[in-house]
Amino acid sequence: MVRIYNTLKRISKNVILRRFIKSIFTIFVVVSLTFFIIRLMPSNPIQIYINQLISQYGMTYKEAEALAASLFSIDLKKPLILQYFDFLKNLFRGDLGISFLSRGTKVTSIIKEFLPWTLFSVGVSLLISFTLGIIIGMFIAYKRGSSIDVIITSIASILSSIPNYLIGIMILVFVGVQWKLIPIEAMRGSLSPGVKPGFTWTFIKDVFFHASMPILTYVISTIGGWILTMKSSTLSTLGEDYVMVAKARGLKESRITFSYVGRNAILPLFTSLTISLGFIVGGSVLIESIFVYKGIGWVLWSSISSRDYPVMQGVFLIITVSVIMANLLADLLYSRLDPRIRITGGE
Amino acid sequence: MDKKIRKIHLILGSLRDTFRLLKRNKVGFAGFIILIFIILMSFIGPYIVPFDTTSRLDKIYVKPSWEHPLGTDSQGRDILAQIVHGGRDVLVVAFLTGFLSTLIAISLGSLSAFIGGRFDSMITSLADIVLTIPHFPLLSVLAAFVKLKNPLMIAFILALLSWPGLLRAVRAQVLSLKERDFIEAARALDLGTPYIVFSEILPNMMNYIVISFILSMTSAVYAQVGLILLGLVPLATHNWGVMINFAWTRGAIFYKHSIYYILSPIFAISLFQWSLVSFTRSLEEIFNPRLGQGA
Amino acid sequence: MEKIIELKNISKFFTIGGGFFTPKKTLRVLENLNLSIGKGEIFCLVGESGCGKTTTGKLIAGLLKPTSGEILFYGKDIWKMGKEEFKTYRRSVQIVHQDPYSSLNPIKTVYDILSTPLLKHHIVRSNGQCEEKISELLKIVDLTPVEDFIYKYPHQLSGGQRQRVVIARALTLNPEFIVADEAVSMLDVSIRLSIIKLLLSLKKNFDMTFLFITHDLAMAKYFGWSGKIGVMYLGRLVEIGPTPKVLENPLHPYTKALLLAVPEADPEVTRSKKVMELRSLDLPSLLNLPPGCRFSNRCPFMEPGRCDKIEPNLYELEPEHYVACELYGEKV
Amino acid sequence: MENILKIEDLYIEYKARRGLVKAVRGVDLDLYKGETLAVIGESGSGKTTLGLSIIKLLPSSARISQGKIWYQGNGKKYEIVSLDNSRLRKFRWKEIAMVFQSALNAFNPVIKIWDHIVDTAESHDIKMTREELRVKVLELLRLVQLDPERVLKSYPHELSGGMRQRVLIALALLLDPQIIILDEPTTALDILSQRSILELLKKIKEKLNLSIILISHDLSLAAELADRVAVMYAGSLVEVGSVYDIFYKPLHPYTMGLIRAVPTVTASMRELISIPGSPPDLINLPEGCKFHPRCEYKIEECLKEEPKLIKASYNHYTACIRWENIRNGKNN
């Protein structure tokens, strides 16, 4: 008993471990939530599917039920709570069931095929917009009140308030249709047919060719937010005593800008980073559907439209897990950058 | 009697002050005016501008003219009329969502701050979890199970996801206000908990509440139109989202002459979102002058 | 003298952390506190920040509940009182805070601030009476002409004026006892004295009892010359006695150190002080208190094996003058 | 005596929403080599603005509208107001260092103390190897009674308030400046930590023959440390003189009022007299002498013109036309 208590105490003292356990807990909650939504909703998808099989293929109820159960990897005869445990067990083994639509395809292999494209496009755009946003935001904070500040701030605030899918549609309409600057038809999908994955120029070029419009959309729709947040964070950091003392100490301007202002001004942005991550990944459902960029968001949408429940469930889970993991990563990065958190655990 | 009048004068004076401060921030003031305009257009406009739903095949995708200031759609119907008639649904859902999520956030947030202990950690953990789950995928999955027929239902589901942000703010505010000396003085004066909550704490949080209310309206617009766009909400009425969905699913996006039909709802939604956001920014500046640029 | 407030073996611990994922820690803010305050007396509680004097004030005002021990109001334990009795107690004890900026609700006028308790507790029967009573209160705290202040918001008043409104608010319920928690330390030097004089006039005119909490020994001396003083260190009372005795003949090493350390507004006096050399400059944390006497790790007179082992007893060396130091153990 | 700093007819204004704040108005002040000059004033008297202007570190809303500040030390002579940015940067800390009021936030929270030292040294092209720098810093930290090895490895938040203040003082001495400005160096500290800082400052003063400007609202700090005292009220100097002249023979009604209003601990109990009214609004200053609304010596002439500093005796200046009446104790 005492040993368990001591272990728990040690765990609770270690911030990183604490965050990790919290993430695992969140994943567990989401997993359970997904299971019970699917099983308990008024229009229970398994039941719908069984009915569908009966009416479309003339199966008996037993046959249909057996087929449905095998697709979900669930024994429907067991009590709900045991089904739940089975579901957890399967999940732990990496078994997310089988697609309704293309029979025989495992949900996990669908995820394996489509997830990388989303991670790639979202990751690249986040990197671009975060970096650019920080640089521009800090720049206009230093130039506050000037006309360049006024112009950039207004543009940023307009960009940050327009929903990202509307930006996507506008890009499609203007760049693709009205001005015909890009071949939007050819850009669909995530890779052109015939291009072999590998570390070749053709492959890399093709990857970027297909991902360019989603990336552009993500960047345009998020950069405004980064600029504004960084600007206000920089402004408040500039008002900190230690910046004034640094000036009194006669430190070089560059040293103050990067080590004193910059580094401290970025810290609060990491909290926004975690929220923004969920938002962008969530938004990929819309953006990828608009550009027909075949990532996990597009799969989610098409599985919803075709009522392919196992895929829907698996993909939703994986999206959530990736966001939680990315949050954990951002948290760890943050605790690396802020010694106050690293050591005391924020007390 | 005299005192009542003086009190009214004081209130009027502070309203006038707020308005004056609002006018000082030009962008915020523009946002405010546009917001008022959009609200008036969406709620009173339909009584002034008629919407003729009959198809006019001779007038497909007509360019803007005096008769059709924004041109016509694929069935020859006036676009302007559709914009005027298509705002109400979007606004109602946004408003309801803002209202519901603010209600949840304020009640849970202040309870959490007042009760503390296990209850508090439970609520904050729950808020953390809801905040980490990506909302839009969850909404789309939910939409596959629940027929989102009426605005109240959509608003309710959106509100169930959007309270945690405001809850955190409310909780932090109540925690800090609770420790303020004037609250302690009110306790020492035995003014009673209801009085302390409703008359001392809540009015001091009004600015947070108003701002979060408006911000949750913007996220409601985002999610609602997004769901309509993907066709996950039954398309019963004409609204801005439905217009975009039609443009997208029926291929108008890829048709060169349909540009006014696509851009009109996009512009209307963007303008509405922008006016909400810039209005809140100027409110923030009024409530917290230190955020403003220079003294 | 009748005792209005008595603290018996009061301890107050706070726990921090204790969420699902955070460790729990106990802060022993107050331990084994005993003191009593007679009717019409001024009791000054002095000590450095974090020594527990504010917590003591809040316990006496009934704003916090002690972890253990009893707080007696005219001999009755306040936390065992019936509802009505507790109400009488609560109204009899009022508090004046340090920060005149945060102790007034920024969105209420002086009139609102003062009228709410008056109306709520039926001290006045009508609005007209209320206005009369408010002018009376404002006159007591020297905010005249009344019309210039009654409809002002706090932000339209200076720090000193706000503190006067705070005092007027404390007077609305005709209290017998006022806890003044660093009531002047945030005010400008030229304003402080006038507020102190206002408080003294309340004692004289209304036979008010005061608990005056301060870190400023000179203020405690001026305000509490006729009363008693209690010196606190890390959650314990180390010395209690009549103010002139404690300040002119301090017994506890900590009190001595304080008196020698405090700079004074008189060049000759302050420069002729011989400062006591402490063994450590830093105050220990409440989470990691030294064993035995809590001052033992800094005290230059520390006797190893005694001071750092035994909790000191309270010795009465002179009538009414107590000290919690084992070095006086043999003398008694 | 040799002048190291000379402030000539200095005017500083702030832009605020309500109008122009006249923070410093026509200040003339000398600092002699090796002396400690205390600038005493209440909040809003302009003392901190004056201090910041000496290293030209005013916030962007402030403007020096008139005046000059001459610095003469290390065989160099500068006029600080007209220094360009790059020369100003090299001048700061090397010639004049400043210890700020809020030492709690004076350090960059994300880098260690040692990095602060290196930053400061590198920015001023000190011709020292890392090892030599380390030796010097260890010595300075020992001088301020800190454990050098531990402190250098620490992040700012790992040190207590008193420790941070001592680190900042050590850091101020790093480049051997000629002048140190101390802005409320002990306000946030406990009495015992405050005392240790005061003793430390005395030691430094003795050892290093520095010129010190001490900015404070606390008369007792001036009494403890200063050779000369300058009293500020509403943006201008009202009295300048030796510490003994100021405390024992004040010639301005404001100084006199302050001294009569501040209690002491060890000196015998005396009656205190408060200054009526409150400090003026810096945007709408009264006509004539800025103190006249609160002054008991006021005559009609005081309302007409603001008096300049008048030499009353050797090294003793006052800005009051009735100083002779004050000296003779006559008010008629």
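Which chain is which? They are A, B, C and D, in the order written, and residues in each are numbered from 1.
Here is the rule we use: a residue touches a chain if its C-beta (ideal position, glycine included) is under 8 Å from a C-beta of that chain, and two chains touch if they have at least 3 such contacts.
Values in this document were obtained by computation on a predicted structure and should not be read as measured data.
Greatest centre-to-centre distance from subunit C is found for A, with centres as Cα means. Two chain pairs, B-C and A-B, are weighed by contacting C-beta pairs, with A-B ahead. Taking each chain's centre as the mean of its C-alpha atoms, subunit B lies 49 Å from subunit C. One simple way to say how far apart two chains are is to compare their mean CA positions; for subunit A and subunit B this gives 24 Å. Once the centre of each chain is set as its mean CA position, subunit C and subunit D turn out to be 32 Å apart. Distance between chain centres (mean CA atoms), subunit A to subunit D: 54 Å. Shared interface positions of subunit C, defined as residues touching 2 or more other chains, are absent. Residues of subunit B found to touch two or more other chains are 294. Those residues of subunit C whose C-beta lies close enough to touch subunit B in the complex are 18-20, 58, 61-63, 87, 90-91, 93-95, 97-99, 102-107, 109, 111, 116-117, 120-121, 127, 131, 151, 166, 169-170, 172-173.
Across the complex, subunit A is touched by residues 55, 57, 89-94, 97-98, 100, 102, 104-111, 119-120, 122-124, 155, 157-158, 168, 171 of subunit D.
Subunit B meets subunit C in the complex at residues 3, 6, 10, 117, 120-121, 124-125, 180-182, 184-185, 187-192, 195, 199-200, 203-204.
Across the complex, subunit D is touched by residues 240-242, 244-253, 255, 259-260, 263-264, 267, 337-340, 343-344 of subunit A. Across the interface of their complex, subunit D is touched by residues 48-49, 158, 160-161, 188-194, 197, 215, 217-219, 221-222, 225, 247, 257-267, 269-271, 273, 275, 278, 281-283 of subunit C.
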